[in-house]
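Two complexes follow with chain A in common, the first pairing it with chain B and the second with chain C.
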Partner chain A sequence: MRRGFTLLECLIAIALGVVAITTCFAGVRALTAAVATAGRLSLENALMRDAWSQAKHDVDFWTDLDDPADASRQALRASSGGIGLPFTPMATLGGEDAASRAREAAWAADDPETWSYGNTNEFWRGDLRFGRYAISQNLAADLLVEDGATSYGQVHVAHTWLPRRMRLVVAGLGFYGAADYLPPSTIWSWYAPYQGAPPAPWEAETVDGPDGATGPSGAPLMFHRWQSRLCNDDGFQEVPRGLWRLTMGSVFIVADPRRRPEPPLAQLIDEHRRWYRAGYTADADAYGDRSWRAFRAATDQPRDLLPLAPAWWPRFDTVTARFIKNGRFVAMSTLRWTSPLSGETTRLTFASLGTTLRGARRQRLVGGGWADPAQEGLDAP
Partner chain B sequence: MPRAHRSGRPRRVVHVRRRDGFTLFETAISLAVIGTAVLSAMLMMPAGLRVHRLARFQLLAAAKAEELVELFLASANVRSNIESEATAPWEVPAAYGSQAMDLEARVASNKAGVIPLPGALSRRIDSDGDEIARILAEGGALHYFHPAAAGGFEEQVWLAAGGGAPTDAQKLVFAVRGAPQQNAIALFPWKAWPYYAGYPSPPTHVLRMHDADMAPGAKLLEWPHPSYAAFCFDGAGPASQPGVDADLAEVFACADAGGLAHGFEPYAYGSGPATPTVDGAIRYLQTALWYCARKGLGSDFHTPAATTPPRRDFLAQPRWQQVHAMRFLAHAGLCLTRWKTLAELGGQPSGAIGLAIPSVTIAGTASPAIELTHDLIRFWHDSALALARRYAAEDPYDWGAPRITQHALMTDHPLLQWDLFSPPLSGPISGAPGEYGAHWRPLSASPVTNIGVSMSYPAAPIPAGIWGHPEHFTLLDGFTLAERCRELVFWAVDWQAYEDCELCPSEAVDASRYNLAAPLPGVDFAGRMSFLKWSDPHLYAYRNPEKNQAFFAEVDDRATGAPIGDVLLGSYFAATTSNDQGASLAARQCFTGRWGADRDFDGVLDRGPVPPSVRLRAVTIGRFLFYDPRLPLVLR
Partner chain C sequence: MRPEPCRRGALLIIVTGLAALIAGLCFSFLVRARSESEAMAVVMREAQARIMLGAACAYVIEAGRIGWGRECYGWRDVRDGLTGPKPDLVGGDIAPRMPIGAVARLPAHLMERPPSAVHVGLANPIVVDEASPRFGMPYLRHPDPRPIAATFADFRAGDRRPLTDTVARAWIRVRRDDVDVFTVTCGSGATQGFRDWDEVAASGHADDYGGDQVHFDQLRNDEARLWYRLQWSPAIASPELHNPYPVMRAGWAPGPMNAIHVEHHVAFGMNSSQAKPSGETDCQGLQRNMGGTIRWIQRLREAPAAW
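Coming up: the complex of A and B.
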């Protein structure tokens, strides 16, 4: 007689089988999910590392804004009539003679030419009751000192180097570039031959502000007027300022030329010669083309890390914005990644220490390519 | 042959073919082995996932560590809208540890987006070797990152511009390990030196602080408004105080023997509508020349030969008075270029004949009569800058004349520190009868000379006996790198999983983060607590770092997920932004973050699934060493 399984044995066998199959199935499912998650995390981490490295590379070499190896990505080297952008070669801007460059390199504390002889309380609408400081230091070596109503006389001015040097970088490189090149204790003003002009509202000021209308003292209005191109609207201060005051709650920027549509040169020149609102008193949209949103639009141009990546990969983009706020030179990088599954975007923002604009300019040769450390790069005469 | 059965029938041979299948035991063993294998594989997966998550957090930590150091070292040292001067160091918090050049003090602010984790949460978190517990026991704190603020930008700006995306960085916490260095004093509470002035300039005149007591004889102004008046600081103060020179105030405003007003103020401001005149300018210059005469500075100082190059060397007289003298001469001389032409001032190069400046007698001293020329004005201007620069560079511990606005240097800040090894100073707290404060004594690398008085309290001489023992000065001592080395330690922990993650009170806020008004006549301590206008854009180093997302009322009774935007203290534009100011219980509860905070800044009340009784374990993510300077520096 052949004895079969008892019902109990059968049930136990079936139960054990079910347990075994369920366990295996669950295990395989978990394994599959874990492998998928691990794969996704691994991919995300690898891409994040790449994005982070890319951001650090940008901070150190500024290749996001100017690529020495690609002439089509050097929009910030352009200039127009002596008004340039952060990467405009000094030679294009008129350059300096060897003596001036040597003086600039040393910027010796006991060199009277590097001193500021201006009236730190020069009020642009003032009546000159504190005198004509334009006779001591001026853009022009010989000028008729006047104020539109009276004339002092034709004067030879002893000190011209500092205002000329300041004008070179302010007009040549824009506000961010000038701040990078000038000593941190600089008082932002100089004297020039008087140019009488009805004071225009700041909205109407042109980008050649430093060469535009002056007050009776000969100081360009741009440096003194509250809400000028240079001076923000904080505190109604109408005498010359230092960098911290100029950027208290507002920013000077290096504008990103990679936008689409590509910004024309005039727009880039304009964006490097204005302040944007960016502080507790800021509203994201207030102030129109000086708003936080305008600032971000000019600096926050994300670059797709891997444009040809498969669609099921997370999308990564990076951007490094450069600006000066509250006297601090900021290189703020943002990594953003969007999940292909949920569509959720995650962000990592961080500021880093990196190469200054001046350092970046010295990394580059005028005709393209990288300079070696002994070369002057874009600062070459 | 088989034996027969007892019945006689032959025994039937039954060949039972035993099928050797698995026994139940074997099957069970097999299943156990399979199960173990599968489970092991399953268990390894989470471990693998943890490794990946750890890698993610390591990257986040590296980015945040660099940002912390950048914020620490590259942010400007400016601290506006605070009161830094007082008659005693315990009266204002400017020189306390909460304002020190230490990383956790500098970056723990809403602006930097770095916020101390509430102690009630951090004390529930375990870590390898009880490192977190030890840091907390030593007075340290864990910090978390604000989800929106970044890079020194304020959170509500980010949020308004759509920058508040979720971030894993909130699961990162960090602490600073290692004792901070004893730092140099950034703000000397008795006198927030360096004082600056543009060169050339008239005697320094400043807004008068809240009707603080004036020194006898101080020149008071009705300008710019009677209720918002200024006074001439130069020359104010007890005559016995080194560095107080009453003649400086005479240059600001005085009268000659005939009662005619002289000096800067009558020229520049006058009484009533300002109506500067050439005669006023001449009298101002006469007063500046009079000051030279008072200090024994003769023609070799103020009117040398026409071809003399700008003066770079000092005469035998006190240097600080020569700096003042040339500063006033240049300023007064330049004023006359407003009224006289180059030709009237002797042309260029100037001849011997210019504008005659007659002598005048003031307080018994006659000013020299001179011929004012264009070249002489230029000589004064160049010399004023040269002497002031040399004085600032060579005499950083002589505070008799202000430093140069156009030439601010790090050496304008003398090396000062607190003496931790001498008996401290102590005294009554202004406005709080019966309450006493104590503070370490200051030390200086070199003795401070001509210390004068402060602009805020010109009637109060700075006592000579405040200084500590010179041998305790250490800022110039040699050091090993390890002494200046501190460590950022990062952990990952889901502290937001706690039920009370947003209901816990803020981490204890040091009282010295309260922006307290300096002593005011007739104002008690509670009045001092509410006297100043607290301006969000300027108070980064003050108040509760969690202030902007802190609740100003109890929210425990609200449902999870309920909106809480109506109880946020907020910032700047919020009507409730200053609810944390004042001596009332409600204000103090707001200041200390008593009711918790919207810590993920999502506008709703969050409660996690983990009860407070459960301890979480933090995973160590990374360690980063950084340099801890003793001086307030800004790195570029």
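Coming up: the complex of A and C.
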């Protein structure tokens, strides 16, 4: 005969069962939460890896600024009247013969045409006490050398290659592009036929082009004058500079053409031909930070890594800013991600060594698509 | 009293179920952790390979001048424009030390004692004991630098055996494509820069991999390889002047320099933070790079035919 439960046994069993079920339920909940957290962290890690890979891809292939496979995303190949942008094909800028191209490819140190014959201390409105260097190296092969007050006479200049080459990349590619193409030992200046300095107070003249007004020596004011379009306003230096001096306290940039609102060509041309405050000159207490903000706005426009990702995923975006500071070419990548739970944003910023602008131009064909390694890409004649 | 069999069975099912649940969770957690680890390893390998690009650039810059027994003058000789690196001009030793088409395979590991190694500690520390008669004096009491080796021959030769913990991690491989253009391969892994098994066998290194091609191929498949082309340039940093005196405002420069708009050649060195306004530093910069620079770098989308 089977014996039934007593009431006490039944109550104890129920109590134990409730405890067991509660414990199990709590355990399962904890495990579920742990699994969810692990899943979220795993997803975040995966997205972080993807964002890192995307940033590295941008550093090496520059597709964030110019996509060889998409003609609608090649805004930096445009030009206007010989004034171009960092990805403007060299054939568009034109004018180079085979001998000049071969010389440029080698840029041999023993080649006298690659040497500078200028006065490294040529004051923009000096009195020519050290002589007329314009007769040694000039944009023009034959010219009447004068300084507005006196005439030296008609001369034939022996060396024209270097200033012509410099003018091609300065006018054609902008300041960042020119710095990428010119050797780091370049003294940024050349001599041209005298055009005269504007009569207005020089402090008011801050916008110059390479073909604009010159000083008595024939050197464009843009290269020599303090606070010109090229030269920053640090140190009241009014003699030609090298890249370190040009970017000490300021930067040259490659502007992002895909930011919103999309900049028109004239704006892009302007942004590649000016300096921006960075470093101590961007101190709001000293000079104001408007120029710094313009620099950031032109180069720091993040893009969603996954625009169509579910709302409960972390939001990731990446950006790689390219600029020159203190003579160094910088590719500064930033990864940002925002937690869908807390809204907290985290940033990871790092600089990378990778493809240079010239290397990126070699990667691209003029008509679109990727070039073979042996091809010259956008530098092809 | 023993419980009824049916109750024992129910308890067993519950315990088994819970254990299975925990085991399942543990298993899935381990699988996920392993998956994460493998995914992260890929990133780590590529990151390591990318770091080697800097090493490759440094190799190209330095090998144009040093490392060949005699000092040379660049991949494109700065004196005559001919193919280098070579010590002499016409009539002397003019054979390029690394001909066009040659490949340098460079595993990156630490040596037991590299050539020309010196002690890193201070040979003549400043005496900080105030009671000492030599307090504050950085006398040159001991030779400095201090070679680690006992003999000069040993000092120059070093001990090139690799440190065990540093091998099989990364490498670079440099192929000279043209006078000053190179294909560099940056790798992270244990193949030590060998392109394939045929190259391993031909170079007599098969024993490094146990004579096992399958093992080598597995190592090759596990590593990251990145290909770049780059061009060397003899140009070094900008030889510019910083804030030449003639453009200083009144009061910025001492003595006769305190004039505005007078041209002369006294200037601060390139790094003005290390210059003094007293005029001692009328020199051009602190140039430390005597090997040239890298003109351009181009990442290749796939392996080139020759590398």
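Here is the rule we use: the second predicted complex is superposed on the first by the 341 of 381 C-alpha atoms of A that agree within 3 Å, B and C clash if a C-alpha of one lies under 4 Å from a C-alpha of the other, contacts with A are read in each partner's own complex, and residues count from 1 in each chain.
The definition used in the following text is that a residue touches a chain if its C-beta (ideal position, glycine included) is under 8 Å from a C-beta of that chain, and two chains touch if they have at least 3 such contacts.
As the structure is a computational prediction, the values presented were derived from the model and not from experiment.
J.: Overlay done on chain A, so just call it for chain B and chain C: clash or fit.
T.: After superposition on chain A, which the two structures share, chain B runs into chain C.
J.: Report for A:Pro373: first if it touches chain B alone, second if chain C alone, otherwise both or neither.
T.: Second partner only.
J.: Identify the partner contact of A:Phe130: answer first if only chain B is touched, second if only chain C is, both if each is, neither if none is.
T.: Both partners.
J.: Using the touch definition from the top, say if A:Pro381 reaches chain B (first), chain C (second), both or neither.
T.: neither
J.: Where does A:Pro264 make contact in the superposed view: on chain B (first), on chain C (second), on both, or on neither?
T.: Once the two structures are laid over each other on A, A:Pro264 reaches no partner at all.
J.: Under the stated touch criterion, which partner chain does A:Ser185 make contact with: chain B (first), chain C (second), both, or neither?
T.: In the superposed model, A:Ser185 contacts both chain B and chain C.
J.: Who wins on chain A residues touched, chain B or chain C?
T.: If we count touched residues of chain A for both partners, the winner is B.
J.: With both complexes superposed on chain A, which partner does A:Ala108 reach: first (chain B), second (chain C), both or neither?
T.: second
J.: May I ask you to decide whether A:Thr356 touches chain B, chain C, both, or neither, giving the answer as first, second, both or neither?
T.: The answer is both, since A:Thr356 touches chain B and chain C.
J.: Between chain B (first) and chain C (second), which does A:Gly288 come into contact with in this model arrangement: first, second, both, or neither?
T.: neither
J.: Can A:Val19 be said to touch chain B (first), chain C (second), both, or neither?
T.: In the superposition, A:Val19 contacts chain B only.
J.: For chain A, what residues appear in both contact lists, the one with chain B and the one with chain C?
T.: Dual-contact residues (chain A): 20, 24, 31, 35, 38, 42, 45, 49, 52, 109-110, 120-121, 127, 129-130, 184-185, 187, 244, 248, 327, 352-353, 356.
J.: Show me the residue ranges of chain B that touch chain A in the complex, using the header's touch definition.
T.: So the residues of chain B in touch with chain A come to 24, 27-28, 31, 34-35, 38-39, 41-42, 45-46, 48-49, 52-53, 55-56, 59-60, 62-64, 66-67, 69-71, 73-76, 78, 150-154, 156-157, 160-161, 163, 165-169, 198, 201, 267-268, 274, 276, 310, 331, 333-338, 341-343, 347-348, 374, 377-378, 381-382, 385-386, 389, 393, 405-409, 536-537, 571-572, 634-636.
J.: Quick check: in the complex, which residue numbers of chain A touch chain C?
T.: It is residues 20, 24, 28, 31, 35, 38, 42, 45-46, 49, 52-53, 56, 60-61, 106-111, 120-123, 125-127, 129-130, 180, 183-187, 226, 235-245, 248, 327, 352-360, 362-363, 370, 373 of chain A that touch chain C.
J.: Going by the contact rule set out above, which residues of chain A touch chain B in the complex?
T.: 9, 12-13, 16, 19-20, 23-24, 27, 30-31, 34-35, 37-38, 41-42, 44-45, 48-49, 52, 109-110, 112, 115-121, 127-133, 135-136, 145, 151-156, 158, 184-185, 187, 244, 248-249, 278-285, 292-293, 296, 325-330, 332, 336, 344-353, 356
J.: List the residues on chain C that touch chain A in their complex, please.
T.: It is residues 14, 18, 21, 25, 28-29, 32, 36, 39-40, 42-43, 46, 50, 53-54, 57, 74, 76-81, 179-180, 183, 228-230, 233-244, 246-249, 261, 263-265, 267, 270, 272, 293-301, 304 of chain C that touch chain A.
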